[in-house]
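These notes open a run of structures that come right after.
Here come two complexes built around chain A, the first alongside chain B, the second alongside chain C.
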Partner chain A sequence: MNFNLAFGGAVIAALLSSSTMAAELRVASGTSIQAVIDQAQAGDTILVEPGEYKQSIYIDKPGITLMGLRDGDNRPMLNGEKKLNDGIIASGHSVVISGFHVKGYKGNGIMTQGANNFKILDNFVEGAFYGIFPQFGKNGVVQGNTVTGCEDAGIYVGMSDNIDVLGNTTFGNVIGIEFENTRNALMTQNDVYDNSAGIALTLLPGLPVKDSYGLVVRGNKVIANNHENFAPSSSIAAGVPTGIGILVLAPDEVTIEDNEISDNFSTGALVSDLITFGLATDPKIDPYSDKVRVLANNWSRNGEKPAGVIAEMLAPTGKTGLEVLVANKGRDNCLAQADGVDSLGTKRWEACTPEMSKATMVTAMIAGGAEEPVYTAEQKGRLTYLAVCSGCHAYDSVLHGPSIQSIKALYSEDATAMMAFVKKPVHKREGFPEMPPQDYLGDETLKAITNYVLNELGN
Partner chain B sequence: MERAHSAVATVAVWLALAGLMTDRARADGAALFSENCAACHGDHGEGSPELRAPVIAGLEKAYLDRQVEHLMNGKRPVSADNAAAVGMIDTLRGLGAADLQAITAHVSGLPVPVLDEPAEATTFRMRGLFSGCMSCHQAQGEGNAALSAPRISHQYGWYIKEQLLSFRFGKRGNDPTDRFGKQMKTMAIDIASDADVDQLIAYIQKLGR
Partner chain C sequence: MKHRPGLTAALLSASVLAMATAAVAADSGSVLSDMSDPALLEKYRKEATERIKCKPIDDWDARMEAYRAAATSKWDRAGMGCAVEYGTQAAMELSVPSSAIWAFVTFRVDNIETNLEVLGANLEYFDVLAKSYSEHYQGIELSSELHVRWEQTRQRCDELLVRVEPLIPDVTEARILRAAYYLASTVKETPLDKQNEAVAKATAELEIAIKEKPDALNGLGQLLLGQVLFALPEFLGGDALRAIALLEEAHKLNPADMNAYRALAEAYLGERENDKAVALLKEALATDPAGVNPQDYVDAFKFLGGLGIRAGLPELAAQFADKREAMLKEKPDLLARKETAAFGHGGEDPLTGKDPSALK
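Our next item is the complex of A and B:
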């Protein structure tokens, strides 16, 4: 008996010690990826064989590398068949997601939620609402992906810090690549064409992050972004004018340099403020774009056929062919003076100086990585709101889902009904994207979120 | 026992009569409307700015029923100097429940009119502000029955403004049992300024044209 106990103890000790070493696990073609993730330990690598996977995947532990194995052109395909909402959702820090073909999801193709030190590499995402969507993360990279067919942004970096978006291709989306309420980020060597708007740098109201700065857009190709806007009618993306190369809406310290910007019908770059867009509703947000530096870029044939609201805006001026259009009362903005760069609204802009160049900047990421906090149950309500809910819900306007203000009005007396809805939403609003079920978060977290939204959250 | 039996018989007779009444009333929805409502709200429910009558044609029946009920029981108060509204409440009170049902069924089936009030050109700013309303009233102001939010497009600007200000300044949406009115009151109070109210009205007037 004693011997058995001692022996059993040794086995357990051996198991424990082996589990602290990173393992390599394998998912056989077409079997459950989630089942292998559930068995994995922090630090493990999961290799997924080529094949079709009709699954939604959740990674909630740190240090997981999820890698698609290639066999020639064959790679693992996650297929939502227009029935499933999310392809891959990761909330663990230091996650790596690479080598997948993700298609047919209604919500997010690949999303990180509050994860720091993430890498999203070499994936092909087709037709989601957001293609690749790091939300509320620090220190991450999105590199070498191709994204198409998204009803909002192909690559959407939301409320994040120190992010690199490098060498991706985005086409046929409403917005090619967007930095929203993001600080210190670099977008470079991307190929952005045939979207409704190519690149958007925005500071949106009603979100928990109230500023956006330190954005560098350098060395991208931003070409012929004239696609018809196919965003759901209520979503904020439906208000994005078509035919715009780069939209700057309210962030500060923006550098636009050495890009090839051509054949965007409405204008090459539109620099605006939140007042012009009727979005200046957040008292904690500075609505103006300050320190926007439009340095030397290669501009050609922009603004030849202005569309929609831009056309109406320009009609009284009789101008077309604008490289840079400014409807912004911000300060300390500058434009590199060059022949053939037609602009409107830049009267108070200064000439940029050579030392403003970001030509030598290599990365916006933090040397040594970001901290990887673990949250307590009490912090979870707020944190999950930041990492999950605010991806679609702003306080007093419609980002994609209804405003938090209206949700508070609907459920102020019925937290139970709100929690039930969040777990298993019913599509009630035509023209809005369907809300994905959040039951994967678990009752404890959902309760904390409901309580946070109804009782603590303000603008 | 005898008494219980006669009570059952009475109820049965009453139900049969009510059934007959309902059938008769339903058939007369158009006539009842014409007799009691059309003088102000127009033959097609298109309303009349001169008579302070809003468009009612094509609104959801559930919404119309709720407003009729709330006007009669005071959950939706009207000011004493609004003679048209005070008169309407008298008219409503003079009608039976079945007649009111017949009228609201008729009104909700009327085609939605297209108004051509002059309005400012739509701007980015207006759409941005209206974003606060879309959560319930939808992108084109068409309303959302699933949320009990009425259509607000195809309505006179003066009327939308009057009602929005009633919610905003605490004249409407005060009854603790008026759940939807309370929701709207919260939202109306949160509009940043009266200038924004005017921008919103201009935008709503343009919807659905």
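Our next item is the complex of A and C:
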């Protein structure tokens, strides 16, 4: 019976190894979440007890599930106290972040950076610049979150592919939900109200990704997005018009279908090219939206009191009450003809046909998931610099902190000293706010950032 | 006219819905809202005003000499800024007659020309400033400096325009420059309603000017009006086909103008006239750099090469890149304009390390 014994041994070994691969770790209330993440192995689940955590968290291992344990309405709260920049940053693939209350961060609430196959589920995020912000991700889902008070976008999918944004609630942000320079993404069953602009689908200049297409906005409630735009005047979001249900700014192949779009004061949907917004500065980007399909939606009371820039734009025409306003020279666009759907600028638009419907689309994600490349130290340095450092430092000018040029001059011969400072900064320069410690990023990542800043950036 | 402003690249970033200045201060405590604090802005603007002060020059000839030495140094924001300031001071000392006929009678035609030339240089300086803003976000130090320089340039132009205005009924060039001022001075640092007002006023002036004297300033009127009509939505008077006709005329009148290449090639691509766009790009590639401001040359070649990539011709883009690199190597003071990241935007592709605006 040797055969059977050997077989049994293999099964036991497999079970043992799988239980080693997927340990469940626990963070006691108020203690360091990062310390537990640092101990965790790829594939582990980390359960965080309710309580307050004044921390920034960084996850760069694959397969980590970071889960807030709820006790009724009480869930773990990450509190940046308006001092820390980022709540959670994850660059590990297949990360799951769920069940947190995140508030008081100066930059990002929850961000994934270069993480594929991510899931961001059931969090409550308040008042960061960006609330939930997956960037450079393939195949991910943002589901069941509530986001409010963000100076830019509440949920902001940037330069990503194959993303689902499902069943979230966003209110009181400058932009409720945004897909920016993103390809193949589905936004559905979201409740988007009282933002300055509800939904934005944008293709911005000057970024590494030069196109955006395959965006489906279906079955959302986009209601009364008339909040005063409270973005800081120097930010790009300050140019977002108020009172817009859905803004389409330059992406191609967009489907808007079966949404409830009502009480947005300026217009239900604005389809614009980049020229109209003064953003046609990137010659590699086609500034026009082609193949925008505005199918059957439930429209009511939109455009009745145009505000700000839209009011300015419409004043010479004397028009109000527009469901669809178009300032775009794109081609092959269509609008479903229906009673009570008023539009302007659609002279070149055609009538949509039934086969254009995306009613049966279930997901934009890839069957079987995306590949999970292991990033090199160089890539990790650049990714984390972009996610963390660039939130306060610009290259050749003072931003919130001193310029990178002056930092390079200071540490050009001493990477170790720079790393030590970044881990535990001391307040050195008058007139600058104190830098928060970045030790949570860990030595390996800090070394990659230091190397990038001193040896690659700007050279 | 010795000097013909090529400020239309600045107009490329003018807009109907441009970045409005938000009246509402944010209170969610982000890094950007911290930087919008009025007291902090005031402090940085005061510092910038001190930092950029030009050394006073008393002598008229020395001022004109300093003006001519750096008035076209578009790669040197500080140097050119002082040059146009000296030029403005010198021009303000010249008496300008109230009509063109009187100018001939009193031998003061040169004074008019100097005033218009210096006004043109100030308008070019708006373009230099507009190109100094980062694509996405700039730090408070740079934005404060640009704000102060912008306001100072606006003030210089206002002073010069008061002198030039009586001549406008007789001198089409002055009319075009005033229209150019409306457009160039409102690209940045201007509330939206003022921008719209400026576009409307400029459009009306330019319509008159191109009828009055079609070849004035080598077709600058057509170049500006063409860009405006291309940018406006159709329901606000935009007319892509007329815009293209005007831009073609402007290009014909001034075949070495890099801004005409940019605007016309962009308009052709926008109207899906790809064959015409590609032919024009190839023509631009053959431009003799000796006849062009070197900074305009490298900026335009970056833009035109990018259009080449968009048109699906990477090999053409690579040729633009080669010529651009050769010029940058020959003149190391020129600005290569490499974007760097701020607030999670811009900079190189983190996965490849490649500059997003690279042409090959």
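Convention: the second predicted complex is superposed on the first by the 356 of 459 C-alpha atoms of A that agree within 3 Å, B and C clash if a C-alpha of one lies under 4 Å from a C-alpha of the other, contacts with A are read in each partner's own complex, and residues count from 1 in each chain.
We adopt the following convention: a contact is a pair of C-beta atoms (placed from the backbone, for glycine too) under 8 Å apart; a residue touches a chain by one contact, two chains touch by 3 or more.
As the structure is a prediction and not an experimental result, all values here were calculated from the model.
*Asks:* Per the contact definition in the header, classify A:410: touching chain B only (first), chain C only (second), both, or neither.
*Replies:* first
*Asks:* Is A:149 touching the first partner chain B, the second partner chain C, both, or neither of them?
*Replies:* Once the two structures are laid over each other on A, A:149 reaches chain C alone.
*Asks:* A:312 in the overlay: touching chain B, chain C, both, or neither? Say first, second, both or neither.
*Replies:* In the superposition, A:312 contacts both chain B and chain C.
*Asks:* Return first, second, both or neither, reflecting whether A:118 touches chain B, chain C, both chains, or no partner chain.
*Replies:* A:118: touches no partner chain.
*Asks:* Is A:457 touching the first partner chain B, the second partner chain C, both, or neither of them?
*Replies:* second
*Asks:* Tell me the contact category for A:391 with respect to chain B and chain C: first, second, both or neither.
*Replies:* In the superposition, A:391 contacts chain C only.
*Asks:* Taking the superposition on A as described, I'd like to know which of chain B and chain C A:107 touches: first, second, both or neither.
*Replies:* In the superposition, A:107 contacts chain C only.
*Asks:* On chain A, which partner touches more residues: chain B or chain C?
*Replies:* Of chain B and chain C, more residues of chain A lie in contact with C.
*Asks:* Once the shared chain is lined up, is A:428 touching chain B (first), chain C (second), both, or neither of them?
*Replies:* First partner only.
*Asks:* Quick check on the superposed pair: does A:344 touch chain B, chain C, both, or neither? Answer first, second, both or neither.
*Replies:* Only chain C is touched by A:344; chain B is not.
*Asks:* Just which bits of chain A does chain B share with chain C as contact spots?
*Replies:* 233-234, 236, 238-239, 272, 275-281, 309, 312, 396-398, 403
*Asks:* What part of chain A is in contact with chain C in the complex they form?
*Replies:* Those in contact with chain C are residues 82, 85, 104, 106-108, 113-114, 127-130, 133, 135-136, 149-151, 158, 204-208, 210, 228-236, 238-239, 241, 272, 275-288, 308-309, 312-313, 316-317, 326-329, 331, 344-345, 347, 375, 378-379, 382-383, 385-387, 390-400, 403-404, 433, 456-458.
*Asks:* Could you please specify the touching residues of chain C with respect to chain A in the complex?
*Replies:* 12-22, 24-36, 134-143, 192-193, 196, 230-231, 233-236, 240, 266, 269-272, 302-307, 309-310, 338-354, 356-357
*Asks:* What does chain B use to touch chain A in their complex?
*Replies:* Touching chain A: residues 121-132, 134-136, 138-140, 144, 146-147, 179, 182-184, 186-187, 190, 192, 199 of chain B.
*Asks:* Looking at the complex, which residues from chain A come into contact with chain B?
*Replies:* So the residues of chain A in touch with chain B come to 233-234, 236, 238-239, 272, 274-281, 309, 312, 396-398, 402-403, 405-410, 412-413, 428-431.
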